[in-house]
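Per-chain residue numbering starts at 1, and chain names A, B, C and D are given in the order in which the chains are listed.
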Amino acid sequence: MISPVLRTVKDTGASSTPKRLAIAVATAAALAALAAAALSGEPSTALRAFFVAPFSNASSILNMVELSAPLALCALGVIVTFRAGHYSLGGEGQAYAGSIAAAAAGYYGYAALGPGATLAAVVAGVLAGAAVAALPAMGRRFAGAEVLLTSILVSQGFIFVIDWAIGGPLRDRSGNLIAMPALETEALLARLEPPSTLTVAPFVVLILCVAASFYFERTRSGAAHDLYGRNPRFAELQGYDVERLSWAPVVASGMLHGLAGALMVLGAKGTAIRGMSGGIGWSAIGAALVAGSRPSAVPLAALLFAWLDSGARQAAVLSDLPPDAGMAIKALVILVVSSRPSWTAVKAFMRRTPTRRAK
Amino acid sequence: MQLATLTSIRKYYPSTNALAVDGADFSLERGEVHALVGENGAGKSTLAKILCGFESPDSGTVAIRGSPVSFSSHRDAEKAGIGFVPQYSMLAPGLSAADNVALGHEPRFLGVFSDRRRVAYDFSLLADRYGFSVNPDAIVSTLSASGRREVEILRALARGGGVLVLDEPTSILGERETEALFALIRRLKSAGAGIVYISHRAKEILDLADRISVMRAGRVERTIRPDDTDECGLADLIVRSSSCAAGTDSGSTPGKPGLTLRSVTLSRRGSDSLDGADLVVRKGEVVAVVALGGNGLDALEDVAAGVVGPDSGDVLVLGKDIHSYPPRILRSGVMAYIPTDREGRGLCAKASVALNAIAGRLRGYSFADFALGRAPLADADALLASFDVKNGGRRRVDTLSGGNRQRVVAARELDGPADVVVAANPTQGLDRSSRAALLSRLAEMRDEGSAVLLLSSDPEDASELADRSFVLYRGRLKALSGPGSDDSAIAAALTGVEP
Amino acid sequence: SKSAAGPDPLSVAVFVPGVASGSPIYEMLVAGAEKAVAEIPGATVKVIEAGYDQSTWLDSLRDTVASGEFSIVVSSNPSLPELCAKLSPDYPSVRFIVADAYLPGNPAIHTILFNQMEQGFIVGYLAGLVTKDRNPDAAPVAGIVAAQHYPTLDRLIRPGFEAGLKAVDPEFKLEFREVGNWYDSAKASELASSLYGSGVEVILPIAGSGGQGVVASARENGASVVWFDGAGYALDPEAVIGCATIAQDRLVYERLKAALSGDTSLYGRADIVSARDGYVGFDPDGKGYAALPRSVRDALDAAIAGLKAGTPDFSMDTF
Amino acid sequence: MIHLSALLLDAIAFLAVLAPAAIGGLATEYAGSLNIALEGLMLAGAFSYMAFGAAFGTVAGFIAAMLVPSAIAYVSDLFSRKANADSFVVGLGVNMLVPAAASMLSKYVFGSKGVAAVAGLQSGRPFAGAASIPVVGALFGQRSSDYLAFGVAIMVALVLARTPLGTRAKAAGMNRDALTMAGIDSGGVRGAVYALSGLACGISGAALASSVGAWVPNMSAGRGWIALVAVYLGGKRLGGTFAASALFALLLSLATRAQAITEAPAELLLSLPYFLTAVVVVLGSSRSKRK
């Protein structure tokens, strides 16, 4: 490893991200087993549904990977803002805006652009996410308004507007789903491995995560970004461009959320459906924190969430476990994963007498 | 009878893998001031915290008045009569001074509600008794650094007792507050109290202490009487290698103005205001401004470093308005700045030591260098070595001892050439030898042509280094005649006494 | 369980896009399917609850068919056929029967739509009668509190309800209010109160669990509610004065039994069932209904009889 | 037409739900911790009110509605402190756990998973007679549960503003060492304000449930989030938080009632209060920045 010193050691004494993810998986397993035993009349089926079924065939594994992609993007967006010290809670509306814009561009653009509409849809999604993030970002930049506050307000406002647009002027009148017209298959991302829903999206996500990781750990702007997030005053006095840092991460996060929304449309969903963002903004915050705010851990954290979702669903499908049980297990796993028992402290407690001097 | 006895105390911090205290023995008698000295990171604060119930030792015993105790919190220690003035502020900044002192012992009415009037009244009584003049309703964050320290001292005294532990109480106190504190300590002492006094200032210690214990690497190496040594001898004891460095004289002659303040006024900051300040710092000279807390020193620092714009007047750097410089340009080679507020402005507490050290020169690396090269790492090591910060850069900076944190700031800021240096209380928390190193580095920069503005509440800094000195009293600057004005002249000016 | 021959042709999944317990429509769906399976030797049934989060239905449905354990999936919801259509190319051996939905022409899917215009007409007519009976001289007005706009509501239920009102008095006005979601009962209650406060006597809530708020408001204001689909009288014996019903259990039972017996002609078809065949009707067994004046109840009976006989004629072949 | 007194009646009822939760959110904010779980705690209050109310009567319902969420909040905070877990994520977990648990419990308590109406748990309006007085009548026309909610909100506000706990909570939020110096366990203080926060959210939920006399899954419908926004909009001060809650209550009731006078789509009307507030926040911040 090269210049690891620059890696800012944030949580001294806490367990590392891989350890935390390992704990997460182990806990999920234990809780799922417990829930299955307590809530199901056929615990073995329930357990199999939770642990085996999601991995039973290539197609369901790949479905899981595909489902994790938008969540990972949103989590990445969350990290970009959180590491700049902004607490943006507007991811939900940004992703939703990305979806509707992508669906509109993909559907109406198809006549003019043909398969090129896919690209147009991606661009539209990204821009729409950025647009929803623009007011909080500009409010921060020019008025110093708290992003936490403005982002959630603006996002909620847009959710209503988009609900209206999907149910009203943009709705597909020929169907019963409250959704926009389905995009042509050629306008969607190609399925790489049918019948699974896998598209290129997870690979894009992987690349973005690596890039973000590189940005934070290895670039000057990334270091400045981090220092600003932890002590804006200090960053200002070091002569960093704090003006840009006060808004750009918020917009970048909006773009990532918008891209996530677009990928949902261009992947499994095929169009914009009313309410399709369904809590992804909040899950993403959970995933980002489980990943310890490290982009490199985001794909794994998102996969963990996708597995919990998928396992809970499979359990509901294959056994008599109610959907709420899956939800409850997911919540408990998130709780446990969020904990950071300090191993060094535990070890020191067991050892008590130090063996060597520090200096 | 011994008031407090600490025997074979050990304390290990696993997070930094530091054995802070390594078998230290320490005792305190009735009616004595027992000074604790040692270089930065020697374990003084940790030992004090253990005595005060803040940290529990891994092994060893603490005995109060002969009977062994095991404090689980500071409250236990308080009940045993131990008051503590910590090295870093442990006040709630948004609460009033009186609320801070009453915290945990709030008087009530009807059994549930806080009795606001009593809180303020009790505080005033306390302040009067010990001769402090802090407004009970003042919000702590609006107080000057020395005002905050006074509140902290009052808090330690409020629950009165036989033992008072003071961890570098004077590092940011001015002359007058220091005198008042010493008078107080003598009074307490004659009433039979025992006082543990941690400080890096040899003169104070010799004045005040009955016994002096020298700590090194977590152990109390020896305990002596003040009569057995002098200032230089004490310094030698603390740091084996160091010699007693004297002040440095300027070799060069002043050049063009580096930093200019023209009738700068900054008001609406309570007692911390500036009133028509005029000041020119030329390249190649050190100008010192000394003030007691709350006389505008913080305001002067903010204005000179460009943190806030003045209400009226101009601040010029190399003849151009300070705000006409883009921040990036200003901070790369034009102005170096050591702030008083070390944790808030000087460091990013949650980042690594290394990143803190090279934070100012990120732009200096090429993309590839920073991403892949070894230069940043090597630079960080070199910088830290220049101020003798040991123990690597990977740990978080807020696990360093106070003095070592200050060294990180100094290492970063005083590294390259700079046209202007604004150094505010740069020696706070530094031990004798690193203080000398810092002052000589400032002198060196002056000789290389920097304009150095030294803002300090410690007249000693000024008299050692400054070519010209000013005193700031109630927001007005007043020049002192010539370098090395004698201490009594400064003291008189500081308190507004006209000669 | 997954042989190369595909899933057992007699294994049935009942896909509940919600939770069965507490939802009459889905309880009837499950009951009908279980009854059919019980009568066919060798047939098996499994109930799958997908929860109310609409955005996850597609994933749950995909898991269901991809498990390879079911050859027939039975469900009920207007938006489900489109999800089925999306999945069926990938899982060609699975067949779908969806009630309360309409999608013709997909060879893997059979849908059956209730003529909800008739259903709307019945409660609309009752609402009209009650309003006129209580306030004969006031300008006639009635209300709908809906969760949100959706096709069946806008194209069938609302026009049917309005037609029922106008059949009583052509002067009737319909006030329409929207909650914005299916569960905010307090806001539904607020909307209902504002309607009752402005002279509305009877409201039809189409607001899912939010409808509870409308009932609560009616109880407070001494006004009335007409209910759709489920067992409404249980919600409040006095405030709920009428329930238009659908015979979902019978329908599901009949269609599934036919499918299990080998009738493949169902798939690809979209049927519409109505009052004439008894799939749409009215439940008279409620205290609130019994307390209405004789004249009102007689007039409603007459109207329902007329509807069954084809007047007014709401029959449709397509939707 | 929108009648002013009817609008005020609605807005005050909305405020009765919003204000306690917002003040509950402020309580933990005093201690420097964002309680993201207001929504979940509110639901827990609504469910407890209905479950215990159905079994033991209204009074027991209200008591349970305060105690159960209070316990949930306390335990979640205890977990966050002892397991060194990020309180934000723990809050998210609580928000997910409560609806799931309520749904599972509801099967046992009410015999069904959906809506559960229980006769007699809808609160009455004790002073309805005085409600016809123009404008101020809206103050008298409320349900007894709403008065109770206001009472609890005021009590919590008093605890924060006038008792040592409030001061200590503030100290915990500013500098934990200050409490350590006073020999107070800062964790205990945080636990206490979390419990207080749960209690306040619980009474909000109870007021909500008793306004319709039923348990409806998800019935809080985002009110907890609005309460959280009100805390920040009110500058994390008591008066400000209350004023912001009142503003929201008024705007949202207005947006609901506006359907009566305009043909504009309901969703667009509902979005207006949010956009409007966002703009107000930005303008307000720029004003205070200039100062």
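To be clear about the criterion, a contact is a pair of C-beta atoms (placed from the backbone, for glycine too) under 8 Å apart; a residue touches a chain by one contact, two chains touch by 3 or more.
Everything quoted here is computed from the prediction, not taken from an experiment.
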Pair sharing more residue contacts (C-beta pairs) when B-D is set against A-B: A-B
Gap in Å, rounded to a whole number, between the CA centres of chain B and chain A: 45
Cα-centroid distance, chain A relative to chain C, in whole angstrom: 37
Distance from chain D to chain A - Cα centre to Cα centre, in angstrom: 28
Overlap residues in chain D, where contacts from two or more other chains coincide: 103, 113, 267, 270
Multi-partner residues of chain C (each touching 2 or more other chains): 19, 180
Shared-contact residues (touching 2 or more other chains) in chain A: 160, 163, 167-168, 322, 324, 327
Pairwise chain contacts, counting only pairs that touch as defined: A-B, A-C, A-D, B-D, C-D
Residue ranges of chain A touching chain B (in the complex, touch as defined): 2-10, 12-13, 214, 218-220, 223-224, 226-227, 230-231, 233-242, 344-345, 347-348, 352-354, 356-359
Parts of chain D lying in touch with chain B, wherever the complex brings them together: 158, 162-164, 166-168, 170-171, 174-175, 177-185
Residue ranges of chain D touching chain C (in the complex, touch as defined): 1, 3, 6, 10, 13-14, 17, 103, 106-107, 112-117, 122, 125, 208, 211-214, 216-219, 221, 253, 256-257, 259-260, 266-267, 270
Interfacial residue positions of chain B with respect to chain A in the complex: 10, 12, 14-19, 22, 58-59, 217-218, 305, 307, 326-332, 337, 339, 344-352, 354-355, 359-360, 362-363, 365, 367, 370-374, 376-377, 380, 390-396, 399
Parts of chain D lying in touch with chain A, wherever the complex brings them together: 34, 76, 79-80, 83-86, 88-90, 92-97, 99-101, 103-104, 113, 222, 225, 228-229, 232-233, 265, 267-268, 270-272, 274-275, 277-278, 281-286, 288-289
